[in-house]
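In the part that follows, the structures are each spelled out as structure tokens.
Next, two complexes with chain A in common: one pairs it with chain B, the other with chain C.
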Partner chain A sequence: MSLPGTDPTGPLNDESYIQLLAPDGTRITSAEFDPWLEDIDGDRLAGLYEDMVVVRRLDQEATALQRQGELALWPPLLGQEAAQIGSGRALRKDDFVFSSYRENGVAYCRGVDLTDMIRVWRGNRPSGWDPYEINMATPQVIIGAQTLHATGYAMAAKFDGDDAVAVAYFGDGATSQGDVNEAMVFAASFQAPVLFFCQNNQWAISEPVGLQAQGKLSDRAPGFGIPSYRVDGNDVLACLAVTRKALDHARIGGGPSFIEAVTYRMGPHTTADDPTRYRDANELEDWKRRDPIDRLAALLSAEGLLDEALRQRVQQAADDAAAEMRAGCINMAEPGDLELFENVYTAPHPVLARQRQHYERYLDSFEAAEWGH
Partner chain B sequence: MTTMTFGRAINTGLRKAMENDPRVVIIGEDIGALGGVFRITDELQKDFGAHRVIDAPLAESAILGTAVGMAYRGYRPVCEIQFDGFIYPAFDQIVSQVAKLHYRTRGRVRMPLTIRVPFGGGIGAAEHHSESPEAYFTHTSGLRVVAVSNPQDACTVIQQAIASDDPVLYFEPKRRYHTKGDVDENALEDALPMDRARVEVPGTDVTLVTYGALVQTAREAARAAEDDGVSVEVIDLRSLSPLDYSTVEASVRKTGRLVVTHEAARTGGLGAEIAASLTERCFYYLEHAPVRITGMDIPYPPAKMERHHLPDLDRILDGVDRVLGRPNSLTGLED
Partner chain C sequence: MGIKVFKLPDLGEGLTESEIVSWHVAEGDAVQLNQILGEVETAKAVVELPSPFTGVVRTLHEGPGTTVSVGEPIVSIEVEDQGQPDDGGNASGEQMQQRQPNLVGYGAAAERNGRPARRPRRVGGAAGATSGPVAQMAATNVAALPVAQGAEPGPAAAVTDHGPAGSVGEPAPAAPAAERPRSTPPVRKLAKDLGVDLAQVRGTGERGLITRGDVQDFHDAGAAAPSGSTAPAPAGGWLAGAAGPETRIPIKGVRKLTAEAMVASAFTAPHASSFLTVDATASMELIQRLKAHKAFAGLKLTPLTITAKALCLALGRHPELNALWDQNAGEIVQQNYVNLGIAAATPRGLTVPNIKDAHRMDLRGLAEALGELAATARAGKTAPSELRGGTISITNIGVFGIDAGTPILNPGESAILAVGAVRRQPWEYRGDVALRDVVTLSLSFDHRVVDGEQAGRFLADIGSILSDPGMALTMV
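Right, the complex of A and B next:
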């Protein structure tokens, strides 16, 4: 008997998905989705290329910082650049993102400060950024919990008569969680303007997607009454077009949508993981041939846009971003001794105040002892 | 002053909160046309609309999780958990999200949720309908936890809870829903703050601490003790987190004897926390070790057995005898 999810002829390995850019860089036309890309001229294509190169570089830098002992942990996004940049660049500023911990490419699109991106991973702060500054909640570690937050936010946007959309990012593993299924029930019942963006990167730590699902993930949403798309997650143009279409659907009162972006986690789950224990090296080689950045580079080359000047400009932008992140990491101020007591409550709490006072005296007692001798 | 039932008093408080702030919404199961299984939200959907009194699909985690999302957008959701025993599917959202988001975002995101929970036994209910889960939540930093014991508090504290920028678990003793009392609907301004205990019955010999449905039982115990020449001071905690230790401590310094009673099981319960904290705070004032009169360390029993599980007047008086060193049920028992 084969292990769940390992049947190469099963529905999970079906490559029928929306694709506008083939792995070799060939542009595939689509009457349905090309209208959503009308503004994507040469400059914008180059912009998407730059975004993907920069976030891959930032991801590598953060991994290096972890290896050098500067970060406690890092969850790499390597391989998922197209899914994150394509969808992230489709969003409006007033849309609100509720993501997992791996969507640093989306955070980059939202304009996150690069030091804020890594604060939480250095262990200096309970969270990285101010959610209201970039309209993106801080990373969610409890798998799938954020899908409910996105749904509630979308319900509230609808109460307000606002056409902002809430976007929930999650992975294939999360689709097994009750919260994700409950979120789809609520989103459908209340016709909430929420987009469920599932990056199926094939692996939930060591568990293949076949352990989570015996059919396509995108086939689940219609059972909830939610329109669904299965898209090549390594195709930045398809991700951009389909996300735009789904956002528009939500904005005009059409309710929720579900997108399964079929992609691959080329790296480990986090820097603490060792994928060689559970997956075949050939699989990675196979997915490298479908690399999201290479295929956009191939399109740019074919159109004569990827000249040396662009290559250098993009490389410089990536190196500058990495240097900025590294400097922000190394120079981050250490937290104060009593900072752990802050922001537990919004208003005074006598029991906690007393505990803090006692601990402060305890810390002071060391100083007093030193002076005493 | 209006005479009304406990349940009507909560309804009145909810109505006032909704009138005062358009950002207050209620979400729960069967709270619309039905008015809730206990009718606490009676007529509210008719008067405020289905977008403010929201009948939710049957998913407690989603009731809490969507309320979190609404709070992100500035709303002040009131979540109704239909029965105490139904709160556990929502436990993760409450403990990992609601309680921690203010801390995790360094104060940027506020979670002004109120989570209403009918709790406790004594109504002969089916399984999972009589539980006292409050200690799970008092153990969780970031939450405030209150338990009301009378119609006036029910009306004012629900409004204070909704006005709080911290998340509040609001425990309602369902067996007292039909108790009547005088309620001043406009008492909010001069009301005792939500996080303060109240000396319910003044006394000098024994401090008897409780909350929720057992406040009434404790009052009856104090009356019975008085007939026996013992003066019992009854304290209604009202707030379970934070605990108002200054009020309890002042009483114990005076009486030297402490009895804590609650319906919840003993081990790891609030009685343990109160006994330990008061022992730390006023050890030299104590004439006897604090005594806990609580539910048994068992799953909530079937209806015909619950009278053995729930503390009642006689068990409380037995505890009073113990702290007084009088003959009691445990006299002569080697530890």
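Right, the complex of A and C next:
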């Protein structure tokens, strides 16, 4: 059996990362990380499995809703379930998440209402939820900008003497952005309790990670004075254990950490993208053999936990969640014509008031809408 | 029972249409929610369409190969009226019945069978102000725009006598850049794969859009009856998008100013032209050597740079070319400095910004100044002061693959030099015929100010530097 930190199964076998669950479902022991999984009994293992299945199903439902004209766009997370559920379930309620647009699995862990999850993607509201209700900022579309927000939040938490941690989620492409590098400089300088969680899903839209990173992404952080971990991002147990360790490190005043979760975006960048144009189909086949859900199912089977009752329970949970999301999407009330102006400033603002008047006049300039047929 | 209609959604951020590639179901088939109905190809991707309803397919509105606009019906599905619809979780049956797929981005109530037919209530009125920006732009340019000639293959083109001579080798960039035939990336890919030149294909789609079917048809027809023959394909793609037999373009803005300046110059100053073709191989070799030199790191060095320097040196020996005919004063004003105008084709049209005191610059300084001038002009940020006060101009017609021309003088100047394309051509070299880098220089001059002899010597000096850069040492 392989040692922790090696994956003998595929093209990645020349790279090292922390792995506690091999692609074939074998549990790999680790003196360093097993203590962080002591509470993960059979029930909790089944819970992680259910989370990943439900999140994958929600992702597929949202993709279908886009294809049916109910959503304008959707950024699928297919293949990244372990990285998101493993890290998301490590968080404490008072920790604060600053994510990109692909972390719907993390949002699920934070308890985002399923209708709110797709609100923005339907073009219904500029943002989907109240960040303070679930301690997760609404997704940042500007690549990497959220790392600065997380660092600022963490600096404030430190000034307040709070032991909450801010977690920034971003991708491999974002690591080339100035914002991410600036955030790491500040986080290190102020020893801010922030966790940089990078999901290296191998592709920045159509650009492979090897183009912009000549070395491992996790090797960059130590240059900023930030300790880093490279973890198998398709291994939910490794993601959970390493995230817990890094969060604890921040809570006790140890400062920032950086986690590179090596995973794979099995779907398109968004529903408007066609990955078959720029990547080899064989690559997808290779990664399917490392599927995050299959390997946990294999472990559960080996432990005798994945019985028919559990299968049905998980299937039902996924179906219910998908139905709830679909109903919430289709029945979402449309915003009023002028609602756009309502939450821009807290107090009345003359320029905005004038814009609103102009827009009202513009709308009035149309005859009453005539509907065909 | 009721019929629900699945209308083609916008599948990729602002697309207007898609082509049906295939159906995976037939009329009469029972389908489940999210079951794949078929595939469509957008301009961005081939995507599978999952069914939005559970029911029985009643109508497939379009067949494979058809291009469908966003919002048009593609499939009608008969669904059970149910108190507890299986696609709606806790939604009430009535609500579900009223809801139809909402095309996000196509109006808030697009589910109601099509888009609202909005029409403006007031026509004209405040809209009269739309001429504002144009008028304003023209006004800012009026005082500032001297215009020379030759950089742009327009109506007043200088290349009249010399058609784009049977060009050798390079793909002729001389032709007016025809607009790329309208098609989508996957169709272009198909055309490339099949070896079909899209310029030859007549588009049957909206506004001449070339569809997958058009390419396939063209290819199939071509395979049956090879090349030429009956198909009346337009020579270029340029007719395909035209709306009628002619297009009328208002004369305004930079075009109008250019025209006025050309007329003023051409009918005031009697133009004469001289040509000289030289072997510029030594200059090309010099450019290669200098490019590797530290002092020129990051600078763009071209035949134009060498020519500009040669022109400044030659002007030192023939200052009469750097003069101005002052009709009012009854004087010829010889200028003892060189503000070197460079004709530039910019997004706004032709402009001739000039490099102040070019005679004081060494080759490096000129290369820098030319680079800045081009960048500024391309960005449309040339300041009025940069357009005023030129003393002589160069037009680099070589960039269009042109050899020679008879440029019209920039008003107020007495000479303009057109630099042709440097071509690898058979040329006499040390008693043999060899392939050499050959360039033609065309000089137009104001015959009131300059005689043929002076122009000829001036041109010969420039040519001698281009063919042997060492000659520059004899002129400083």
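The working rule: the second predicted complex is superposed on the first by the 345 of 373 C-alpha atoms of A that agree within 3 Å, B and C clash if a C-alpha of one lies under 4 Å from a C-alpha of the other, contacts with A are read in each partner's own complex, and residues count from 1 in each chain.
Criterion: contacts are C-beta pairs under 8 Å (C-beta built on N, C-alpha and C of every residue); 3 or more make two chains touch, one makes a residue touch a chain.
All figures in this text were calculated on a predicted structure; none of them were measured in a lab.
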item	value
Which of chain B and chain C A:Glu324 touches, first, second, both or neither	second
Which of chain B and chain C A:Ala137 touches, first, second, both or neither	first
First, second, both or neither for A:Ala281, with chain B first and chain C second	neither
First, second, both or neither for A:Phe96, with chain B first and chain C second	first
Partner chain in contact with A:Arg67 - chain B first, chain C second, else both or neither	second
Contacts of A:Ser127 with chain B and chain C, given as first, second, both or neither	first
Touched partner set for A:Ala309, first chain B, second chain C, both or neither	neither
Partner chain in contact with A:Ser189 - chain B first, chain C second, else both or neither	first
Chain B-facing residues of chain A, complex	96, 98, 125-127, 130-132, 137-138, 142, 145, 147-157, 159-160, 166, 178-179, 182-183, 185-186, 189, 342-347, 349-352
Of all residues in chain B, those that touch chain A in their complex	25, 51, 56-57, 59, 61-62, 64-75, 89, 92-93, 96-97, 102-110, 141-142, 144, 164-166, 195, 241-246
Of all residues in chain A, those that touch chain C in their complex	60-61, 64, 66-73, 122-123, 268, 270-274, 277, 320, 323-324, 326-327, 330-331, 334-335, 337, 365-367, 369-373
Residues of chain C that touch chain A when the two form their complex	6-13, 34, 44-52, 87-91, 95-96, 99, 101-105, 108-109, 112-122
